[in-house]
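Below are structures written as structure tokens.
One chain, subunit A, appears in both complexes that follow, with subunit B as partner in the first and subunit C in the second.
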Partner chain A sequence: MSQYQFLIRRGLQGLLVVWGVVTLVFLLRFMTPGSPVDFVAPLDASPELRAQIARNLGLDQPIYVQYAQYLGGLIQGDMGYSYIRGRPASGIIVSRIPATLELAVAATVVAIICSIPLGVLSATRRHQPTDYAATTFSLVGISTPNFWLGIMLIMVVSVGLGILPTSRRPIGLIPAIELLIFQFETVGIRAWIAHMILPAVTLGTYFTAMIVRLTRSGMLDQLGQPYVEAARAKGLPETLVTYKHALRNTMIPIITVLGLQLGSLIGGAVITEFVFNWPGLGTLIIDAIRVRDWPIIQGALIVIGIGFVVINIVVDALYARLNPRVSLE
Partner chain B sequence: MSGRILSDRVRRSLKREFSRSLMAKIGLFLVVLMVTMATFAPFLAPHDPTQQGLDESNLPPAGVTQTSEEFRMVDGERTTVTVEREGSLEHPLGTDALGRDLFSRVLFGARTSLMVGLFGTLFAVGTGVSVGLTAGYYGGRTDDVLMRFADIMLAFPALVLAIALVGLLGPLTILIPDPFVQLGLVTGMPANFVFPITLTIVVGVVNWVWFARIARGEALSIRQQEYVKAARSLGASDWTILRQHILPNSLTPIIVLATIQVAAIILLESSLSFLGFSGTSLSWGFDIAQGRQYLGTSWWIASMPGLAIVAAVVGINLLGDWLRDALDPGLEGEHGGGM
Partner chain C sequence: MPEDTSERMSRRNYLRFAGAASAVALAGCAGEDVEDFDDDDDGLDGDDGTDTGNGDDGDEDNHLHIAQTQNPTTLDPHDHRETTTDNVLLQAYEFHFERDLDGNLVEGLVTDWEILDEERYWIEIREDVPFHSGEDLLPSDSAFSINRVVDADVGNLQSPQSDQLAGVTGAEVADDGHAVVLHTDGPNPMTFANLGSYCPVVQEDWIMDREAEEVAADINGTGPYQLEEFVDGEHTDFTRFADYWGGEASIETLRIDASEEASTRINSLRAGEIDIATAVPPTDAGAIEGDDDTYIADAPSTRILMLPMRYDVEPFDSQEFRQAMNYAVDFDSIIDNVLSGFGDATAQPTLEGYFGHNPDLDPYPYDPERAEELVEESGHAGVEIELHVPAGRYLQSDEIAQACVGYIDDLDNVNCEINMRDFGELAGQLLDGDITSTPPFFLIGWGNTTFDAQNNLLPWLTGGTSQYTFVDDELEELILDARTEVDEDTREQLMMDACARAHDLAVFVFLNREYLIYGLNQRVQWDPTPDEYTRAYEMSLQ
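The block that comes next holds the complex of A and B.
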């Protein structure tokens, strides 16, 4: 199967999954106790006013009509109006995406930069202090709830040492870069970095720990293989054997597992955002759940579902490229 | 295989791996410690974990002295006074802002985490294994439908789904009477244990897919084996084959995954409690949320419950590693979600 056929087929499958997600998210509102009107109407609202509100929100229609309307709107990018803010939900949701993406990417970068060298060192110096330190770190890292880690970092670094800010970042990456390019002003990008460090470390630690574990066990596996012996026997320097031969083959299972764990990255981002008051999708969803702002809840969940499906397709494609032994089936 | 869950060979392998590994011993110690804490919390706790005492608020842990500046009314005037608080063994881990004993709260919090961890995992195993075995054994259309549904579940980050479900369905809890208090063995402790039902079901619901995938894979490979064909030709029913042949032979990976899932679910539970979605106030995550407001003055309130979570999850993960190494060297830590 060619790469394009593969992408088209996976795209169609992904579309089916997204449709399932949309349907489930839509049904969620009908499984939830209480009517959305309770949260929108004033406490002393008369039955007439409540009926009027229900009509305005389109809640008086039969469920299949609401479903059809919702699907129809969604195809055009219309997710309804926020019950609380009275603005289109899609606009509110889209404006929150960059902050979440920046956080997730920064955390991934932190994780990859720290973890792979640590995992390789741990495997090549097995049963030495470096190995024990790395193993302990990774065990504690995968066992620490990231919201607690974030709070501890805030307590020690921001409150105790008073160096990094804790919340309410003033500027996003793109405005900061615009400021840098068009006005040669570094204040924006510096503020961005200062606000990014703690959240990225908080979110990235779990992944760092996990990749260290995978890299270590994968490398130990590979270093015992005959081809490594052969590479050594022909006189290649050990660094080259380690990094070029063994590590390359270790990357394949690492990417598989990372793909499986992307859900944890997104879930972790939600909690991390909450801890750092980060203006992303996570805080948006949590706030919207508390006030039952359904168009926002549904829209944000669907956006996360779509994002997740897309990332998974990308990971599959990447996987096939890295490992020619895997056919695109 | 039927009748006995662990064969002699498996038992020997477990023992050998255990005596070889320091990590397995630490893991077992931590888990036993947590189970003891949770079970005997009313005996071990020095105070009622819910009892407030405003004159004892924000006391530091034993051995720590904390000085802070506070406003007081002296002769009708607002003045700043320097208050020195000294921790004592009366409250070994200190107290929170309402004067509740943190050590007692950590002990009782272990109950919530352990109960949700165990029952949530049981729910996930039950659902996942039934679905997976059915899909793998029958194959065809059944398999397609069930596994597409599993794909949709997997298309959603577990934590996000859990937040949405628990947050929207509302925190339903049931009160379970504490047997020790009911029998009059201890007094001055809460008479009931608040068990978060919605939370437990939701953490199971967002995690069953992993078990379904494993069980399906095992069923697919086992149903082709000669002895299953033999059983079928002898006239065994589907149910008998599934129960007596396929289930016992797919237990190993399921047990290993279930152990790791208890850890993942405890982390998930603490996250949801931290957001205030659990419905119980005796939980490690809930206490961390409380302590978050006092980071500058009382560092211990948010720190202590977090350390308890880390210790518990480290213990379970070490136990999971031990089981994996002993039962199936081929398995790597690829499964499991949560954070």
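The block that comes next holds the complex of A and C.
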């Protein structure tokens, strides 16, 4: 099977998954207690006003009619109007995507920078203090809830030491880069970095801990292979044996997990965004859930679902390229 | 295997340099200019920002930053129902009337007012009041604002605020003078009070010349601050309006943004990033007071917490049983231990300072023995009841509800359990106009910014409203008489009598008046007001 055939087949499968997500997300509204009218209408609204609001929101239609209208709208990029904001949901959601992507990518970068060297050190210094420290960090990192870690980091680093800001995103990455390139101003990019560090560390800690374990076990496995012994026998420096030969083979499963976890990070950023007041999809979803703004909830969940599907397809394609032993079949 | 010493040294040096570089980079990233950047307006920080470009960035020392719980959902002042949105918009828009610290109506955009007859109410509009656009306020703008709220055919909007001007059918420019006449569907003593709490004044031409989406993203009011930048979901920036009719504001620039998580707001305040944090939980007040740079300011709010009991189902159809529920709860202890002192016990459906409040009524004392006797007298000894509570809806309301349930359950002859509910689901049952679907015993918070008892009494204690839980002929007559009585003294007495009757009937378990708790930076001088708004115009900076 050629790469193109593979992509087309996975694309069609992905469409099926997205359709499932759309349907599930749509039905979620009808499984959830309470009506959006209860949140939109004033507490002392008359039954007539409530009925009028339900009509305005299209909630008086049968489910299948609402579903057909929703699917038809989605095909044209129309996710409906926000119940609360009275504006197209798609525009509101799209405006929040950059912040979430920036956070997810930054967390991934933090994870890669920290986890792989730590995992390699842990494996090459097995049963030494470095190994114990790395495995302890890994255990603590996996066990620590994001919510708690974020608040603790704010209290210690921002309030206690006053080193970094507590929260918010004063500028997006692209405007910061534009400022740097066109006006030679570094303040934008520095502000972006300063505000990004704590959220990225918070979101990336679990991910880092997981990759440390993965790297360590993968390295231990590879370091015992005959080809490693052969490399050492040839007289290659240990650094070269470790990083060029053993780590390269360990990277294949790590890259797969990295790709898949990027999707998880987009979804998992909800709590981190909430704690750090980061204006991404996560805070948007939480705000929307609070007031049952279903067009926003549904749209944002669908966007995250599509993100997962796309990343999965890309990772599968890359995996085959990275590891020729794996067939696209 | 022996390691290469030169390589080890090299790696150490590398790590040393890397560490130093990271520290320098971190320090560089967190420099003072970066902190300043956070509140600066360079017009670049919004993905969908609307930079109106009117005004400069201002002096950082004369800049105020407020963090509240929610960002505004729209900038159209007639198209929302949220206090947090009002809190942003009322920096720039104004109601017709202002209120003094006691909540009494005073002159504002209206300079004189008079009841012409039972269905016509006259207001004189202040002259030489400029909008931010530079044009003067006209009586036609006032009439348009009122009509836009009450009439779905005016102003390209079916306003969700129409019930806030209940009884008003329309407004028109008066034949003589700089005035407007409001028309009502009958005697309506709340007409002026409602104009002091609802219906901000907009400019007719400005609204009609714009699409709805433009009105939702821009501001043109008569208030002391004009919009500088609005980034949906992130922040709203204002600069003071030099031509404000009431005199220029003391604070030059203002930013309002939101952090839903309370600890984020509080940590931002303690780190010196913001000047005011709203909705501080009572449990966090100590940490703010303990910080040299911050302090707590509080004010009683316009919201009352209560436990309504349905008059038409057992055991709550018994006056003795309802009174027993009031005697069973040690509310002083709840205020001390759950609310850290930020609350006032109540004895009637309305609040101190409100028109119609009865000052002779005291809260039911904590007397569990008396409560058990009353339960016996009611004939419902051994009954099992359930309190429905909207989860996390009001300030510490979950904890208050748990404490109330604990006290009632401690009675020897009553078993009480708590049922935590989703607010939307519970509200749907309360508001469907069918009392039989309303839970017999539930917790609710009721806000009323009109400073008039009518809006506390009428919705809950007269039959036929969407959420009534109690009907008593004598009580209902008092409330309905007050609703149409235009003589102030007579009306006040009617409502005071109604409050006394409601107290004796124990229509609710009367809980507490919510407090507004703010964390402030020491440089901010401000006395909070009960209306829940943080108006920068009322503040100054040291």
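Some points to look at:
We adopt the following convention: the second predicted complex is superposed on the first by the 319 of 329 C-alpha atoms of A that agree within 3 Å, B and C clash if a C-alpha of one lies under 4 Å from a C-alpha of the other, contacts with A are read in each partner's own complex, and residues count from 1 in each chain.
The rule is simple: a residue touches a chain if its C-beta (ideal position, glycine included) is under 8 Å from a C-beta of that chain, and two chains touch if they have at least 3 such contacts.
The structure presented is a predicted model; accordingly, all values stated were derived computationally and were not measured.
By the touch criterion defined above, A:Ile151 lies against subunit B and subunit C together after alignment on the C-alpha atoms of chain A. In the superposition on chain A, A:Leu260 makes contact with subunit B only, while subunit C stays out of contact range.
Looking at the shared chain after the overlay, A:Ile286 reaches both subunit B and subunit C. When the two structures are aligned on the shared chain, A:Leu220 is found in touch with neither subunit B nor subunit C. When the two complexes are overlaid on their common chain A, residue A:Pro33 makes contact with subunit B and with subunit C alike. More residues of subunit A are in touch with C than with the other of subunit B and subunit C.
When both complexes are overlaid on chain A, the residue A:Phe308 reaches subunit B alone and has no touch with subunit C.
When both complexes are overlaid on chain A, the residue A:Phe274 reaches subunit B and subunit C alike. In the superposition on chain A, contact of A:Val159 is made with both subunit B and subunit C.
Look at A:Ser46: by the touch rule set out above, it reaches subunit C but stays clear of subunit B. Overlap of the subunit B and subunit C interfaces on subunit A comprises residues 33, 151, 154-155, 159, 274, 286, 290, 292. Interface of subunit B with subunit A (complex): residues 148-149, 151-152, 154-160, 163-165, 167-170, 263, 267, 270-271, 274-275, 285, 288, 291-292, 295-296, 299, 302-303, 306, 309-310, 313-314, 317-318, 332-335, 337-339.
Those residues of subunit A that touch subunit B in the shared complex are 13, 16-18, 20-21, 24, 28, 31-33, 139-140, 142-148, 151-152, 154-155, 159, 206, 213-214, 217, 253, 256-257, 260-268, 270-271, 274, 285-286, 289-290, 292, 297, 301, 304-305, 308-309, 312.
On the side of subunit C, the complex with subunit A involves touching residues 1, 3-4, 7, 25-26, 28-31, 33-35, 37-39, 42, 44-45, 47-48, 70, 73-74, 79-81, 158, 160-164, 212-213, 216, 232-234, 257-261, 263-264, 267-268, 270-271, 273, 422-428, 431-433, 446, 459, 465-467.
On subunit A, the positions that touch subunit C within their shared complex are 33-47, 49-50, 52-53, 56, 84-87, 91-92, 95-96, 98-99, 151, 154-155, 158-159, 162-172, 175-176, 178-179, 187-188, 190-191, 193-195, 197, 237-239, 274-277, 279, 283-284, 286-287, 290, 292.
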